[in-house]
Every structure is written in structure tokens, then in C-alpha cells.
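Have a look at these structures, which come just after this line.
Note that subunit A is present in both complexes that follow, paired respectively with subunit B and with subunit C.
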Partner chain A sequence: MSGKEQSFVDRLQRIDPRVIYGLLIVVLVAPLLRPLGFPIEITPVVQKFHATIETLKPGDVVFYAFEFGAGDYPEAEGAGIAVKRHLFAKGVRIVFATTNDQAVLVLQKSLQSAGIPSDRKYGVDWVFLGYIPGAETAIAALAADMHTAAKKDHYGTPVEQLPLMKEVRSVKDIELLIVEGGGTETPTQFVRQWYAPYKARYLQICISVVGPTLQPFVGAGQIIAMVVGASGGAQYELLIRRPGIAVAGMDAQAFGHVLVILFIVIGNVAYLASKRMRK
Partner chain B sequence: MAQDLVATVGIWVAALYTLFTFSYIYKENPLYRFAEHTFVGAAAGHFVVIAFQNILSKGWYPIVSKGEYVYILSMILGLMLFSRFVKKRAWISHYPIALLVGVGTALAMRGAIQAEFLTQIASTIAPLYTPNQKTFDSFVIALTVISALVYFLFTIEAKGPLKVPITYLSKIGRYLLMIGFGAQFGATVMTRLGFVISRFQFLLFEWLGLR
Partner chain C sequence: MSFGSRRTVPMIITFLVGMVMFAEYFFKMPYVADVANMMRNFGIVIAAFALGLGAANLLIIHGRHIRKRTPKQWYFSAWLFIVMFTFIAVGVGFTVNAPAYVWLFENTLTPVSTTTYSLLAFFIASAAYRAFRFRTKEGALLLISGVILMLGNIPMVGISVPGISALATWLLTVPTMAGLRAVLIGAAVGTIVLGVRAFLGQERGYMVGE
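Coming up: the complex of A and B.
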């Protein structure tokens, strides 16, 4: 091979990262502005998540642990909003809480985006116990006795004065546990402290990178189902017939993946070609 | 009116911080560092405020207003942690740390054996030939578990009659592990793209109003 060809192969292996970033910006922004509407397939696990919530009756109590910090929230934002909308539409009562200090602000943003129906009254239909420090000890304490773990709600009202909390004392009064976020550690702690001792029915929302790590819990039936990342969120938005930000981002996601795959192929072909030339 | 102004200022601040952060793509620069440092500072500041509020609401107020003196013990244990800053008295901090580690481990072990050990093993040992769609999954799980374990088998030398099965299983294990790492990498790419798309959605639709 000529020196010119060799330098081309070498150049392929040393593409300026700014070129890759520039192309990535183009392929992500273009479909956001001009969506193509690629089909989105609903996977059985997301269907199972939806079906589990469908089994709830109005008035059932859901414990919703919101564990996303500001950094990892965006990828599953659509999923979280869609699930909250579904819960509010079902008429279930929700106890929100978190063991992540950042999650307090993020939950408020998520609830604002989901839109709490005007007929759902705070204290009666939903409550927010706020940030409960202590990580796994807090999770165990909440399962055993929520009134001891959180004596006041996020707004400073003693929990015994909240009508909903008069009926909810421990995991035994909860119909379903939903954990949104928390990386790999917090869901594992919920499995240890809510599923193992009490066999709580447990659904999980997480970002894509966390999904494979939590999958063994789904396989073993400890977590009933998961909605993973923007893709899971898009499927859920379609299931509740309210397409939102997750569906809107799916075309961009697809194009981004194609570009990443393309660069992986280019890098590998160039590497193999240069190896061959050296021989 | 005032609320709208606050929201508008918030959107502009968020947009500028996003652009400052993205400027790193070109090269490291003062705007990126400004965004990075203020983010770290804000996060640390937020955590300190929350921690201080917790000390007040869960320790101090119950002691002074409700006479729940048991929390004095927690306060003392907390203060003992600060002895780490004095080299000669650092040993004092070992006691609260030992308590934290002990309680944490005991609590985790309570559910870990059942949730992460027994149940996981039980779900791995699934029948290979069941007339449903999980048959293939069960086979892949069994093959991956056995071959990956063989790959990490360092105490038995691959020689004699064991040489061929160990060598082949080890190789299969390596490839299956690589497929697993590949899937994990794919999930990482998906997450990172999700983050970027979310930021672009914010910039295009909330900041620039291009809907």
C-alpha cells in the first residue's frame, strides 16, 4: 500500500474529537427539529410495568421513592413523568419520599411537569415525606415505621396530622413500591429492606446504564418490571397515550446510535487495516 | 409577573451554564471552568445546608423542645468523628465509625443473603428444557455462569483430561463476558446520549422557543 493510503488509515484512527462532537450535534439536533417518527416497539417488560399499575384500584397506596439527583435525572425524565401521570389518572394515593438530598428539588420539577390534577389534594391523595437521611438505614426504617422515620413531611407538618398518613404506617399498608432512580445501590437496598423481609411489590425506573445491573433482580422476580431510560420512557408515554419528551427524543437517540456505531466500525476497520499494513 | 421573571432568569442561567459546559468540546476554557467550579460549589453548599438542617430537625430540636435526650448520644457520636482532624486524638473517631460500619453491615446482611445470594442462585438454576420462551434464556444464563466461572478458575491447571473442557469453556466465558461488557458500554452510550438530547431539547424548545 502507498504512503498516501497509509496516512489516510492513520488519520481515520486519529479523527479530531471535535469533528465527532460536531457531527453528533448535527445528527441529534436535526431530528429534534424535524422529527421522522420512527416506530417505537413496546417491550414486554414495559408492558408488565404498565399492567402492574393497571391492577391498582382507586385509593390504593403507592410508596414512591424518588431518588434521582440533578445529574442523572434527564435520561429518565420522560419515564418518571409518564408513570406519575398514570398513577394520578388511576386515582391511587401516593406517598413520596427520598433518601437523596438533591432529589427534593428534582421531584418538585418532575411533579410540576407531570401536572398534579386539581382534584388531588395534598395530605389526602398524596404526601411528600421529604429527604430522609441515612441511606439504607432510612430505607429499612421507612419499611418498619414511616412515622418514626419521618416525623414531619417536607413542609413541616407532623405526619400524624396528614389524613393519608393516618392510614399508612409501614410497608404493610403499601400496595406497591416504585423507586425512580438511585443508581444501582439504592434499588439494591430496597430489594434488601423492602422485598426480602416483606415481599413488597416493587417497580423500578432507572437510566439505561443502570438497567443491566438491576436486570438480575427482575429475572429473579424481586423487581416486577423496570422502565429503563429514555427508550422505556417513550414506550410508557405511548402506553398511556400521552407522547412527551421521551418520544420526541427517540429519533435523535436512533441517529446518535447510528453515528456511534459508524465511528466504532471506522475505528476498528482502520485499526485492522493499519495492523495489516505493518505486517 | 415576578414569577415569570424568575422563571426567565432561571432558563437563561441554565442555558448559559449548558453552553459553558458544552464549550469544553472545543477545548478547556475559563467559561467551562467557571461552570464546573460553580456547579461543584453549589452542590457542596446545598449538601452542607441540608446536613445542617438535618442536625437541627432530627437532633437539636427534639432535644431542646421535646426533651428527647437520647439524641444527645447521636450528637456526641457525630462530634467524635471530628477528632480525625487532630492526629493525636484521631483514635476517638474509630468508635463512631465502628458503630456506623457495624450497623450498616448488619442491616445489609439481613436482606443480602436472601435477596442477593439465595434468590439469585435459585433463579440462575432454572430448568433448561421448559416448553416456553424462556428456555433459550435459561440456557444462555447457565452457559454464561459456568463458562465465566471457569474463566476465573485459577486454582486448577488445565492439563490431562480437563485440558480441553477447561480451555474451551474458558474461551467461551471470555467471549460471553466481552458481550456483557459490550452491552454495558451500549447502555452507557444510550445514557450519555439521553443526557445530551435532554439538554438540546431544553436549549431548542425552552430557551429558544423553537417549537
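Coming up: the complex of A and C.
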């Protein structure tokens, strides 16, 4: 094999990262501007998440721990919005809270995007207990007695004055727990403090890198089901028949994956070819 | 306070608090639950104070950098002060629900955090191209499973290639989960040992100066 061919093979093994970055930008942005609408397969775990919420009756109380910071929120934004829309449509009552200081404003943005129906009144149909410091201690305290863990809601109203909170004191008054975000640590703490002692029914929304780490809890039945990343969000949007931001992003994600696989194949073909040439 | 009591008092507190939480978790006893609940609420109050302590610590460390004009650092410390005091002034002056505070949050922290996180897509693409090479048997396993998982994540592939989604799910729910369970169980056993050592006063890492 000639030197020219050899250098070409070497070059294929050492493609400039800027070329990869540039092509990635193109394949991510182009489908966002001109969506192709590839079909999306609904996986059993997302169906199970949806089916669990479907079992709720109007008036049931859901505890919704929103734990996303500003950085990782966008990946699962579609999932969170779709799940909140589903909950509001079911007519359940929701207690929002967080143990992440950044999540306070991110939750309000998410609620704004989900669109709280005009007939759902604050204090009666939903409340926001705000940021409760203390991580696992706070999670355990909320399970035991929400009124002492959070004496006032996020807006400064004493919890006893909120009609919904007059009926909700502890995890025993909660029909379902949903945790949105929180990395790997916060969901683990909820399993320890809500599932293990009280057997709370627990659903999780998380970003893609966290999904596999939480899989053992799903396998053990401690977490009933998970919606993972933009892909899970797109499936959930289709299940509630309200395609949104996640469905729109799926073409971009698919092309991004294809490009990465393509570069992996190029790198390996070039590596094996150069190995054969050296022999 | 003598050296002995500086060690003994925290150890006694740790033992008592630990025993109460242990009893409350495993045995549903009246009164113990109330005491445990009270202690958890102490924990929330202490955590809130710790936030203030963290802010004070930042002020001391970065104030020192500014005073000493530490090369390649002091201007970052000064910038930290500007941002920190702007957020504190707006948050305390108008509350954290005020449009001014929300505007600040959405136009500084949100884009910066999101951009940093989004950069991962580019780094991962570049790293995958470089790292996923057929060099060893283990590397080949990583390469094949990584590609299968990526293919399984592409909806159109999942629909048009039968079995790829099932294979990706199998990779996640069998080998990955087995490995992660081993890690989790190992960490749990380690935590139990650490707890027992703390109860017995043999673990003193939480005591300053020990």
C-alpha cells in the first residue's frame, strides 16, 4: 500500500475534533429547523409510567419532588411538561416541593410551560412547599410530617392555612410520589426514606445518563417506572396525544446518534486497516 | 473544654441520635417517632445554617484572593463577589419570586448552566470516536454494547430493525443492572460498617481535628 494511502488511513484515525463538532452542529440543527417526523416507538416502561398515572382518581394527592437544576433540566423538559399536563388533566391534587435551591425557579418555568388549567386553584388543587434544605434529612422529614418540615409554602403562606395541606400531613396521605431529576443521589434517598419504610408508589423522570444507574431500583420494583431523557419524553407526549418539545427534538437526537456511530465505524475501519498495513 | 470532652460529647450525641433514628426506622414505637421527627427538623435548620456558613466561607476565601491580588485568580474572585451580591441584593430586596430576580436567573445562570451541560454532546461525540476502538476484547465489548445502545435509542432503527430495542433493553436490564447492583450492595455494606463504627466511636472523621 502506498504512503499516500497510509497517511489517509492515519488521518481517518485522527479526525480533527472541530470537524466532528461542526458536523454535529449541522445534524442537530437541521432537523430542528426542518423536522422529518420519524416514527417513535413507545417502550413498555414508559407505558407503565403512563398506566400508573391513569390509575389515579380525581382528588388523589400526588407528591411531586422537582429536583432539576437549570443545567440538566432541558434534556427532560418535554417529559416533565407532559407528565404535569397528564396529572392536571386527571384532576389529581399535587404537592410540589424541592430539596434543590436552583429547582425553585426551574419548576415555575416548567409549570408555566405545562400550563396550569384555569380551574385548578392554588392551595386547593396544588401547592408548592418551596425549597427545603437538608437533602436526605429533609426527604425523611417530609415523609414523616410535611407540616413541620415546611411550616410555610414557597410564597410565605402558613401551610395550615392551605386547604389541600389540611388533608395532607405525611406520606400516608399521598397516593403517588413522582421525582423529577435529582441525579442519582436524590432518587436513591427517596427509595431509602419513602419506599423502604412506607412503601410509597414511586415514579421517576430523569436524564439519559442517570437512567441506567437507577435501573436496579426499577428492577427491584422500588421505582415502578421511569421516563428517561428526551426519548422518554417524546414517547410520553405521544401517549397523552400532545406532541411537544421532546418529539420535535427526536429527529435531531437520532441524527446525532447516527453521526457518532458513523465516526466510531470510520475510526475502527481505519484502525484495523492501519494494523493490517503494519503487519 | 478538655480534649477528652471534645471527643466524648460528640460521640455521645452521635450514639444517642443514631440509636433514636435506628429505633424509629426499624421499630414503630410511640414517642420515639416524635423525638426522631424533632431531630430531622433540627437537621433541616442546621442545613439552612450551613448554607449561610458556605456563603461566609466563600467570602473569606475569595476576599483573601482579592486582597492579595492572587495572580490569575483575583479577578475571578471579584467577579464572584459582584454576581453573588447582585443576586443577594435583588433576592433580599425584591424576594426570589420578583420579576427582577427571575429575569436575572433566567438570563445568567440558566444559559450558562445549559450551555455547559450541552457541551457534553460535543465532548462525548469526540471521545466516543477516539475511545471506542477494537484494540482489546474488553474494548470490543464496550464498543459493541455502546453501538447497540445508541442504535436502540434511535426510534426509527428500533421500529425498522426487529430485536434491536429488545437487545438494548436486555443490555440495560441484565448485565448493566447486575454490575450496578453489585456496586450498590457493596456501598450499602460499607455504609452499615461505617454506621456501626460511628456508633461505637471508632469512626471520628466527622470530628474536626481528629
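Methods note: the second predicted complex is superposed on the first by the 279 of 279 C-alpha atoms of A that agree within 3 Å, B and C clash if a C-alpha of one lies under 4 Å from a C-alpha of the other, contacts with A are read in each partner's own complex, and residues count from 1 in each chain.
FYI, a residue touches a chain if its C-beta (ideal position, glycine included) is under 8 Å from a C-beta of that chain, and two chains touch if they have at least 3 such contacts.
Please read these numbers as outputs of a predicted model, since none were measured by experiment.
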{"item": "Which superposed partner A:Asn268 touches (first subunit B, second subunit C, both, neither)", "value": "second"}
{"item": "Which superposed partner A:Glu77 touches (first subunit B, second subunit C, both, neither)", "value": "first"}
{"item": "First (subunit B), second (subunit C), both or neither touched by A:Ala252", "value": "first"}
{"item": "Subunit B versus subunit C as contact partner of A:Arg169, first or second or both or neither", "value": "neither"}
{"item": "Greater residue coverage of subunit A in the superposed arrangement, subunit B or subunit C", "value": "C"}
{"item": "Touching partner for A:Phe38 - first (subunit B), second (subunit C), both, neither", "value": "second"}
{"item": "Subunit B versus subunit C as contact partner of A:His147, first or second or both or neither", "value": "neither"}
{"item": "Contacts of A:Arg242 with subunit B and subunit C, given as first, second, both or neither", "value": "neither"}
{"item": "Contacts of A:Pro197 with subunit B and subunit C, given as first, second, both or neither", "value": "both"}
{"item": "Which superposed partner A:Lys48 touches (first subunit B, second subunit C, both, neither)", "value": "neither"}
{"item": "Intersection of the subunit A residues that touch subunit B with those that touch subunit C", "value": "17, 21, 24, 28, 74-75, 101-102, 133, 137, 140, 197, 208, 211-212, 216, 219, 231, 253, 256-257, 260"}
{"item": "Complex contact set, residues of subunit A against subunit C", "value": "15, 17, 20-21, 24, 28, 38-41, 43, 69-75, 101-102, 104-106, 108-109, 132-135, 137-138, 140-141, 144-145, 148-149, 154-155, 197, 208, 211-213, 215-216, 219, 231, 234, 250, 253-254, 256-261, 263-264, 266-268, 271-272"}
{"item": "Subunit A residues within the subunit B interface of the complex", "value": "17-18, 21, 24-25, 28-29, 32-33, 74-77, 101-102, 131, 133, 136-137, 140, 152, 188-189, 191-193, 195-197, 207-212, 216, 219-222, 229-231, 245, 248-249, 252-253, 256-257, 260"}
{"item": "Contacting residues of subunit B [partner subunit A, same complex]", "value": "25-26, 43, 46-47, 50-51, 54, 57-58, 103-104, 107-108, 110-112, 114-116, 119-120, 122-123, 141, 180, 183-184, 187-191, 193-201, 204, 210"}
{"item": "In the complex, subunit C residues that touch subunit A", "value": "25, 33, 36-37, 40-41, 43-44, 46-48, 50-51, 96-97, 102, 105-106, 109-110, 113-114, 116-118, 121-122, 124-126, 128-130, 132-135, 143, 146-147, 150-151, 153-159, 165, 169, 172-173, 176-177, 180-181, 184"}
